[in-house]
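A single structure is presented below for examination.
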Amino acid sequence: MRLYDKVFPPKQMVLSSGKTVEERFTRIPLILTGLLFMMILSIHITGFRISTLMNRGNEFFVILNQMIPPRTAYVSQIIQPLLDTIKMSLLGSFLGSILAIPFSIIAAGNIVKNKWILMTVRLFLSLIRTLPTLITALIATYIFGLGTMAGMAAISIFTFAYVGKQLYEQIETVDMGAFEAMEAMGANRFYSFLTAVVPFVLPAYCSTCLFCLEGNVRYASILGYVGAGGLGLILNEKIGWREYDSVGMILLVLFMAVFLIEGISYYIRKKLT
Amino acid sequence: MIEFSHVSKEYSNGVKGLDDVTLHIGQGEFVAIIGLSGAGKSTLLRSINRMHEITAGTLQVNGTDVASLNGKKLRSFRRGIGMIFQSFHLVGRTTVIKNVLMSKVPAMPFWRVVPGIFTKEEKIDALEALDKVGILEKAYMRADQLSGGQQQRVALARTLAQHPEIILADEPVAALDPVTARQVMGDFAKINKELNITILLNIHHVELALAYAERIIGIRSGKIVFDGKASSVDKAVLAGIYGEEMPEGVEELYEAV
Amino acid sequence: GCKSDKEDKSIEKLSVYFVPSREPEEIITATEPLKDLLKQQLEDQGFEIGQVEISVGTSYEAVGEALSAGTADIGLIPGGTYVLYDDGAEVILTATRSGLNKDSEVPKDWNDGTATEASDQQAVSYRSLIIAGPSEKGQELAAKVNAGEELTWEDLNSASWSIMSSSSPAGYIYPALWLQEKYGHSITDLTLAVQSDSYGSAMARLASGQVDIMLTYADARRDYTEKWGSEYGRTASIWEETNVIGVTPAIYNDTVCVSKSSENMNDDLKEAIQNAFIQIAGTDAGKEVISIYSHEGYQPAKESDYDQERAAQKLIQTLNAQ
Amino acid sequence: MSEAIKQQLEQEKSSWFYKVGVTFLLAILLGWSSSTFQINRVSDNGLDIAKNIISGIFHPDRRLLFNFTKTGISYLVLETICIAFLGTIVGAVLAVPLSFFSAVNIVPKPIALAVRWVIMAIRTIPAFIYGLMFIRVTGPGAFAGVLTMSVCSIGMLSKMFIETIEDLDVRIIESLDASGCNTFQKIRYGIIPQLSPDFISTVIYRFDMNLRDATILGLVGAGGIGAPLIFAMSSYRWNEVGAILTGLIICILIIEFFSTKIRVRLARG
Amino acid sequence: MIEFSHVSKEYSNGVKGLDDVTLHIGQGEFVAIIGLSGAGKSTLLRSINRMHEITAGTLQVNGTDVASLNGKKLRSFRRGIGMIFQSFHLVGRTTVIKNVLMSKVPAMPFWRVVPGIFTKEEKIDALEALDKVGILEKAYMRADQLSGGQQQRVALARTLAQHPEIILADEPVAALDPVTARQVMGDFAKINKELNITILLNIHHVELALAYAERIIGIRSGKIVFDGKASSVDKAVLAGIYGEEMPEGVEELYEAV
């Protein structure tokens, strides 16, 4: 940025009182050039073409049209996989969220002062988040066998990393005043954390976990690909047979389930705050 | 009884927060500390319960050398000293009484801390503290639904429920409007009289300091430049404390003196 | 629709979409070499191709949809997928591979403990095998088969199975037919069947004893001979530890299909593509390239070649719908 | 104990009933879902294989990793970045109007609710089905990936956008009104400056997430590093998986580093 | 020159915000309006630039009948009147100078509004306004990084950059601590003197009103109950304005009067 300021020197402005003010040359051209470059590069590499979208956009709805009306008769075969999906999401989200707590505490800069611990834990969380869930699910299937157990393991790992990051960011935004007050009253750090930080982060934490649960129910449909059980399995099968009306039914059921979960979680979050 | 003898405090960046302070404060006194921003008021206060470490001299509270304390001993020493902050430092999301009950936590066994179980005695004690500061009826409201003045009173009740012998207050009324500030200062005065608790407070409002405290300590660049009765403060004294950099508005107060 | 404008011989972009039905060898580098060869061959036949684009996917339905929408011109897909999408795809070639030295319908004949070898004959079809693994149950079933006894439904149903997704010919459809014909049971009746995502992982599960039986194409064991000892950590060879307990009817090899709805497509081009692929398979360089896709040669194909496949799918679909 | 205190003490709303209720409910739900917890199929051999996988990942195929041509990891990662970049931008462009139409402080509640349903429906369709749909539009390849990423981003982006919009400080608009601004000027100077830092921050965060989700595109052949990764994975070539993951992880960590920096600056100035 | 003649304002719920107000305020006056909460102070102020409509009487500003204005005319009329709010109403996430430049927007052509291009003159003008309130050096900082007093000064600078003849300030110091409040009141007084701008402000702090404003208007239930020089305010006047519901702490102020 120093160099930038040298190339584009700041503008001098003289006030009537004789004072001068320097205005740095705006960064916007730099940012715009960068964005434009990325845009052009990306459009070139990905072959993005608006004209294709205009001409062939209607093709997008072909499969969608085949899903409507959904095959209602199929619903009886959806319930069991749906329950499996919900079960594995529920348990996976729960385990992951619980596991995330200790890690996010030691990843929060206002609780732990040691820079190295912070860096290591954060890097660890970041690495886990980077590991594609498909890969973790696949590895899990080797260890736990095919089926919902593997899905559950993959979900809990994903949840762990996601909730862990969110939680430590939330802990860092807590106003440490009450914590300080607790310390001044003679409480140890752990007691202070429990009484002064937990009430602040608890609602946000629960809300993150519930959001994650809801996302996981949806995501579980992808895990079916590696044989992690649940709705994903029958979804794959029905797509394979081109039975889009059944696919539509599965999605409708999934939509309703997620809707229900979202409703419940909305209610709980309301209650918490 | 608080005894500073030749206490100095140098921050890691070389700034002298306190510079050779010698001071004696008896039990039951009501002392206001005034001085410019950065003069060292907070540093002085926070040395007393060792929220800051001093770097030279000795500081005794009721005969205990503060510097000698550590770990468990330090924590139980701190339980005897209440501290009140400018921005109240309450847990806004929970009820008023839970905030007051926080003062009980340091002495509680672990199994009661985690689920947050309090005994009936503790609750009654907390309610009595709220009663003392006159906001008993707000006990089950959420703390963040109270006005600033009421929140500062909750903080005061929390400190009272600690049954301290000393209360340290770091600009307890800075965030309050003048009317409420007066009420809170009145609360301090009342508690000081009724319970014989030593009160030390930092304050920017000279007029409030003069109106409520018995003793005024003026501090400048870490040094004590005035120490005497509130009634003995005059123009010259204030000029000595605030120097040329007197905050605007203070001039007008001279007339009030 | 198909344009048969004979003048129009320049094509801006020819899109080839390929999904391997077996394990691809070098998938990352798979697309480059074929591009030039195809372009060259088509130019030799008077077509001017701006660009050949080859995409590799992991799902058959994606190619199917691309062909039926006309966004892919050529698709290299299994016969089963072609049949499912024959409203939008037209088969022009069948890939050939070298046949195997064993091709018996009797399971016992496959279990002499020696490796199955490639024969010098090219074949347009392959079989699917029901293979029992080194687990206790697997060995028990194998012993029965090798002793010449017939397996009962109870025998099969007490073992755990690795099956593939239900549109996979070798991993689901043909074995399901086999079960239906021999035992009168549908594959969904199996109590201990789990679905694997790939033959590689199914083989790993078989080796680890997670499953007793897997369904796979006939030369799968050749592909995994080495891994059996290394990655999967078995000491004995795959030919000793695994036994065939069932052999399905022949399955037609991968097809080369063209899209019926692509704007580029016309009869001339179809013919040119047909020739081009056959030509490519005829040269040494070309052979090497298509071996990446585990193809060795191509033969012209017609719709009716896949009638048996159609029947099989019908059967499975009616079974599944129950 | 004075009368007043006694009265207050009796007023205490007992929350333990609620607490025990929630705990009980959670326990029941977990008990019910614990049937997924079946380690009976865990075999030593399976663990061995898992070990192989992990060691493969830690011994990446260097040949692939340091291949800088169009078939090497570096190009694939670049392609993935481009897909995620463009996908995020298109997704954001789509999400902005949707979120304005579902913010209760902008439009009437029924409309807001209806649009929220639409957003939920968009979110329910899994990525690989979008992949199939877009392959019909664009053909296989990175373009389809861009479009898939963009619709998959809509859900999360609009959720965050809505939160920002509903937090709008309308008092600023009042003061612009008082100084004589017209409606357009109020939007340009009262609303946009308030929203843009949060919007940009959300978009950057989503870009980061899209990069991580790039594997899913491989399921349908929508370009990028996904398909090679899945092939390597399903055909058991773990050192290839290792090479691809190494490339991906390095790139994601670098981008995460910068994106966090930018986001912190946007938030705190 | 502001002329209220028999102005009334009835809210849609029947509450009378203003009740037959007749009032004359000359150019360059510094007027403080005091009164109980809900007395109608804000309503009075907001009628002047037609943020509220009056329902009876006439209100003229510099000879223009305010009620007759509409659309474009109303906007250009408002440009001549600065308005300052209790909670500053700044865009916290942009720089201080951008906030001040916002006052230039109403007069700018469309093509400059969209990309937000400002001329050098406009920038210098904005900087000079910042200089007048003494925070020139903060020009390129983000507004939310400033203290409350500094933010109120930015709001003041924004209004000054508008070059208004009249400044209306609705409790401009209520959110500030007493020291900063004095500074901001001092700023108002300075600007009033130096630039001869009419200043009308609502204020709850009687002592500040008396210390800084020349003229005090007391309002109660929408009616003007006092209008006179600050020096003529005494106990009886305050009792008349605040009645029995006098805010706590005011009693003590009587002594100061």
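Things to note:
All chains are identified by letter, namely A, B, C, D and E, in their written order; residue positions are counted from 1 within each chain.
Rule of thumb we're sticking to: a residue touches a chain if its C-beta (ideal position, glycine included) is under 8 Å from a C-beta of that chain, and two chains touch if they have at least 3 such contacts.
Which chain is which protein? Per UniProt: A, D = Phosphonate transport system permease protein; B, E = Phosphonate transport system ATP-binding protein.
Quick caveat, the model's predicted, so the values are computed rather than measured.
Annotation of subunit C and subunit D: jointly contacted by A, touch as defined at the top.
Of all chain pairs, the one joined by the greatest number of contacting C-beta pairs is A-D.
When subunit B is laid over subunit E using CA atoms, the rotation angle comes to 170 degrees (nearest 5).
For this pair, subunit A with subunit B, the centres built from the Cα atoms lie 44 Å apart.
Mean C-alpha position of subunit C lies 81 Å from that of subunit E.
Mean C-alpha position of subunit B lies 37 Å from that of subunit E. Rounded to whole angstrom units, the spacing between the C-alpha centres of subunit A and subunit D is 4.
For subunit D, residues touching at least two other chains, in rising order: 41, 43, 46, 49, 128, 132, 136-138, 141, 219, 223, 230, 234. Counting partner chains per residue, subunit E has no residue touching two or more of them. Those residues of subunit C in touch with two or more other chains are numbered 61, 65, 69, 71, 197, 201, 204-205, 208, 210. Across the interface of their complex, subunit C is touched by residues 41, 43, 45-46, 48-49, 52, 64, 70-72, 76, 128, 131-132, 135-141, 218-221, 223, 227-228, 230-232, 234-236, 238, 240 of subunit D. Within the complex formed with subunit B, the residues of subunit D that make contact are 1-2, 4-5, 8-9, 11-13.
Residues 11, 13-17, 19, 21, 23-24 of subunit A are the ones that touch subunit E when the two sit in their complex. The touching residues of subunit D, when paired with subunit A in their complex, are 26, 29-30, 32-43, 46-47, 49-50, 53-54, 78-79, 81-83, 85-86, 89, 120-121, 123-129, 132-134, 136-138, 141-143, 145-147, 212-213, 215-216, 219, 223, 229-230, 233-234, 241, 245, 248-249, 252-253, 256.
Contact residues on subunit A toward subunit D in their complex (touch as defined above): 38-39, 41-43, 45-49, 52-53, 56-57, 59-64, 84, 86-88, 90-91, 94, 123, 126-127, 129-135, 138-139, 142-149, 151-152, 218, 221-222, 225, 232, 235, 239, 247, 251, 254-255, 258-259, 262.
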